[in-house]
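There are structures below to look over.
Both of the next two complexes hold chain A, though its partner changes from chain B to chain C.
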Partner chain A sequence: MSFLDVTDLDITYTVGAGSLKAVDGVSFSLRKGESMGIVGESGCGKTTIAKGLMQLLPKNGAITRGSITLNGRELVGLSKEAVRRLRLKEIAMISQSAMNALNPVYTIGDQLVEGIMAHTSFGNRGAYKRAVEVFEMVGLEEKRMRSFPHQMSGGMKQRAVIAMALSLNPSLIIADEPTTALDVVVQDRILHRIIKIQKEINSSMIFITHDISVVSEICETIVVMYGGKVMEMSPTDTFFRRPFHPYSLGLKNAFPLITEITDELISIPGTPPNLLLELKGCRFNERCPFAQQKCAVELPLFYEPEPGHKVACHFPERVEEFRERSSHRDTWEVVRERLIREYMEKGAVEYA
Partner chain B sequence: MLGYIIRRLLIMVLMILLVSTMIFLLFRTMPGDPTASMVDPSIPREARQALLERYGLHESLWTQYAIFMKDLVRLDFGTSYFYNRPVLRVIQDRLPATLILMFTAMLFAYIIGIFGGAWMAWKRGTKLESLGITFSLIFRSAPTFWVGLLVIMFFAVRLGWFPAQGMRSTGYVGNTFREIFLTTDFLRHLVLPAFTAGLYFLATPTLIMRNSMLEVLSEDYIEMAHAKGLRERRVLYRHAARNALLPVVTAGALFIGAAIGGQVLIEVVYSWPGLGREIVQAVTRSDYPLAQGCFIILSTLVMVMNLIADVLYAFLDPRITY
Partner chain C sequence: MGQMITRIREFMRSGLNPKQGGGSSIRRNSQSFFAVFITSLKSDKLALIGVVLLIFFIFVGIFAEQIAPHGPRDRHYTEDRQIRRLEPPSWEHPFGTTDVGRDIYSQVVLGTRTALIVGFLAALLVTFVGSVVGIISGYFGGVVDTVLMRIVDFFYAIPFIPFVIVLAAVLKPSLWNVILAVSMLSWRTVARIVRSQVLSIAKRPYIKAAKVAGAGHVRIMFKYILPNVIPLVLLEMAFMVNWAITAEASIAFLGFGDPRVTSWGQILHINFVSGYSRAAWWWTIPPGLAIVLLLVSIFFFARSLEAVVDPRLRKR
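Up next, the complex of A and B:
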């Protein structure tokens, strides 16, 4: 049993008459103090996992299977009040849209103090003192406590939100693309501040992004998701030296490490599958340059090339070949042409 | 802020002069001769002429207008034909009753509307929500006098809880404001008309609050408030409702004009001795000065309320600075 265990987690959204499984059989574990990166294209279910962990899913979303245990305690099915007590104190979230995460009609200080007071027996004064402390940790002056959100720059707001998330030394921090709205220089500074504080208070962290190069810098483990499923999960250093899954190979082409930049950038053609349709087989099969007949009908199980490293693909024995071929642009161009052809044929059928 | 208020007040004075001009013209172009209602048509011509002269009705329109405006600036609205007293006096007597009734009703409607609207947004998609919407719309669409009569029938006649008519029991005479308005007898008389007017006003704050709340509830800062582990009620009322309130305040200011329309009917149904009823009577009696005065005071009231709403808005929303 680790600090955090997520097992066979399904999260389903009801949409109109249908439903879509945005998170499908996801399992992972996190040690105390460990930081894990979740990467994947837009819509693959990253935010949904984060909200599932916080039990903050919108009304049409629900955990339909699986378990989440934190320190051995089951979180799925906890009462509202028990969940409320966990939030911020145990699990804190730095949300994807931190720009709009502050209430425009209250001062930043009030909003921080309010959160602290909801979980502690600190009085107003004590909570204020704590708020000033975390403000200093993220590099904001005390006088900013009296500012309203509209009086602050994006970077300051972002830091205020981070200060809020860290105000009670949570044991788990979930950072959902915490810096996407900021310019690159500020992004970097803020990122490093988060990591520094996370190490200081020894919390575990789940870091969500679609930029895998960031993960290579700051996370010990990486989870690659696609269409609601985990494709590959690995210690970061192994992953960046030797990815296994064809999707990971494609992603890595799209986000090369500084040391590996070549003149041609290769992207993965096509778009993620429509989760509203019933999906069989490997979620990636439409866009995979190595897909076989089997891939479209049979769901690949995980294989473990080494302990702590899992890959969901039908062809473990062909990894070397995949790795070689995926670095060539032609390999992916073939997919692009196939997708275009299929699209035209489908169109022709629809018009006929 | 102070500068803003002063600027607004100046604009208001201009507006009032403009509105007064329009009201003046409106009354001069209305059919019907005031002397006909004022003076027995069978009286001799000379007497009639003397009356016209006494009221200044023989002068040209321009001269009348000049006199009218000159008096207006001195807050002199002339003398009521019917009461034979200065118009300002009559209005002074009637205005408190109207204001008290209107504010009580608004308070009732806004408190229930704001909390009810917020609660309906929270209960979105449930039967309770549709029930709430239907309820508030019924009282908005039903004719006020009809609702008023039903209320009287039930609470005054059938149950006998509250008096149905007037502002005080017969025989009671009060002279000072305190003697008139700060008595339980007055409060008992206030209940039914305020309740009826409140029901009529209810739909606006309720529905606007509900819509604006639905919008606010999908904001990121609401999710953040939940993520902070705040209690649901705190998120709903401190974070969501506070922001959702802003459009309600704006709409409230605009609504005042409409509210006065409803108010008139209610005052008539309940024989409430207020300005609304006075207007109706003044118009039917062709009591120009009084009707003019009432209209001008009511327009001023609407403008003042708008100003209050704008100032309130600045307090509610720190992003607004004047």
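Up next, the complex of A and C:
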């Protein structure tokens, strides 16, 4: 058993038009001190997983199946108060544009101290000392404790929030696009800070992003999600050398290598599936250039080409052919034309 | 509560102290409430006049008994035991005398205190009730909001003067009842304005974060939301002072005020009833002018406060 085990997790949102499975049968596990990156396009369920782990789902969302165990303790079905105690101390989350979560009328220091005091038995002085420590960890000077949020830049505010998240040495850090709102230089600096601290306090980390390059740099494991399902899961270096899933191949095309200068990047045509509809087959079949009849009706099971590397595709044996073909623009152009044709036909039927 | 006030004070002060903000580079956009107010006083001469006048009135109000040379009801006689009836201004009686020989100057000076007491007490009460109702309404929303806002609608429908006449008939006319009447009919405005602001603040991420962290409703409302609406509440309070003073003057002028307490409205009331309001200009003008000057000074003061709350009104 690992430190964090997520098994067959389903998270369902109830919306006006019915219910929607934003996360569908996701399983993964995380060792102590391991960092894992979850990548995927918008709406594929990355943030929903993070919120599910923190039990912060909105009112219309619920974990409908599966289990989450942290250190052998089941988190699904825990009472509100029990979860509240876990947060910040055991699990801390750095959310996207978390800097907006600072109250403009209190100093940063006050807000940090308040958070620390709410979760520990520290007195005012002890909490302040701890706050200064984490402030230094994220590279902020002590005098910034007395600043108000509006006196600091976006990067500083984000770092202050990161300091807040790390203030109690959480054993699991969930970083949900922690640097998306910042420019690349600041982003890089903050990322390295987070990683350094994570190593220092030996906590596990789940890093959620749509930026594959970030994951390649900082994570040991990568999970590729699409339409609420895991498509491929692998150690990061294996993934970048030998991706299996056609979606991963497509994603790889969309990120340029500095050594291979091409005139234009190849993108994956189409849009993610509508999760409100009942989907039987592989979630990616519509946009997959190698899709067969089988792909639309049958859900692919995980195939393990090597230990720790899982791929949800019906044709793992044809991977060499896929890899070769996916690097050509024409392969994907065929999909684009097919999608446009299908779209037009559908439109024609609707008009008739 | 005491801790919160110190926090607010810190917040207001932070813009003035460059050391606290950490270097002069961030001083410019860290202009806080008080700093902006001082700056706008420097550029806005009318606001400066307003503040000076207001300080003058408050000074007169506090030391009214020492400044006023006579009691408000003392009758003054000439050396040959004749009542000094309707005497125009002189050294002895700077604003002249009334038809029964009372010193108008002393009455106006003593009336200042009444106007300020009614103005500030009523405004305090109004802002307190109004902001509590507004914050609760905006924070909880839903049924609570609907019910409270319908109550506010109900109070909006009550006309002021008839309400005061009925209240004076039911209760005894006294200064406290005037304050009560003014307060009962003006908290509604504050409640609505504060609610609209709280509606937006209650949905901000830091309030959600506080909820998730397990903070109770009362803590969220008064520790996290209230400091965010304090500038608005202060501004609204300044306007309410004005409104309360006008209301008290009108009530007293109509004769529903406290007969034992001298006020500007009461001076005008007696002046009007005595039938000399046209003949004795020195009797009509001083209380009238005092009302106008006090209202104008508070208005200019409030206007410069408004510039602090709403950056769009600031002069560049």
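The rule we apply is simple: the second predicted complex is superposed on the first by the 342 of 352 C-alpha atoms of A that agree within 3 Å, B and C clash if a C-alpha of one lies under 4 Å from a C-alpha of the other, contacts with A are read in each partner's own complex, and residues count from 1 in each chain.
To be clear about the criterion, a residue touches a chain if its C-beta (ideal position, glycine included) is under 8 Å from a C-beta of that chain, and two chains touch if they have at least 3 such contacts.
Predicted model only: the values in this text are computed from it and were never measured.
Trainee: Who does A:218 touch here: chain B (first), chain C (second), both, or neither?
Mentor: neither
Trainee: With the two complexes superposed on chain A, say which partner A:89 touches: chain B (first), chain C (second), both, or neither.
Mentor: A:89: touches chain B, not chain C.
Trainee: According to the stated criteria, A:141 is in contact with first (chain B), second (chain C), both, or neither; which is it?
Mentor: In the superposition, A:141 touches chain C alone.
Trainee: Would you check which partner chain A:115 touches, where first means chain B only, second means chain C only, and both and neither mean what they say?
Mentor: Both partners.
Trainee: Once chain A of both complexes is superposed, is A:102 in touch with chain B (first), chain C (second), both, or neither?
Mentor: both
Trainee: Using the superposition on A, tell me which residues of chain A are in contact with chain B and, in the other complex, with chain C.
Mentor: In chain A, residues 56, 84, 87-88, 100-105, 115, 118, 148, 150 are touched by chain B and also by chain C.
Trainee: Which bits of chain A are touching chain C when the two form their complex?
Mentor: My answer: residues 56, 81, 84, 87-88, 98, 100-107, 110, 115, 118, 141, 143-144, 146-148, 150-152.
Trainee: For chain B, which residues are in contact with chain A within the complex?
Mentor: 219-221, 223-232, 234, 239, 242-243, 316-319
Trainee: What part of chain C is in contact with chain A in the complex they form?
Mentor: Checking each residue of chain C against chain A gives 7-8, 10-11, 14, 20-22, 26, 29-30, 32, 204-206, 208-210, 212-214, 224, 227-228, 230.
Trainee: Can you tell me which positions in chain A touch chain B when the two form their complex?
Mentor: 54, 56, 80, 84-89, 92-93, 95, 97, 99-105, 114-115, 118-119, 148, 150, 161, 164
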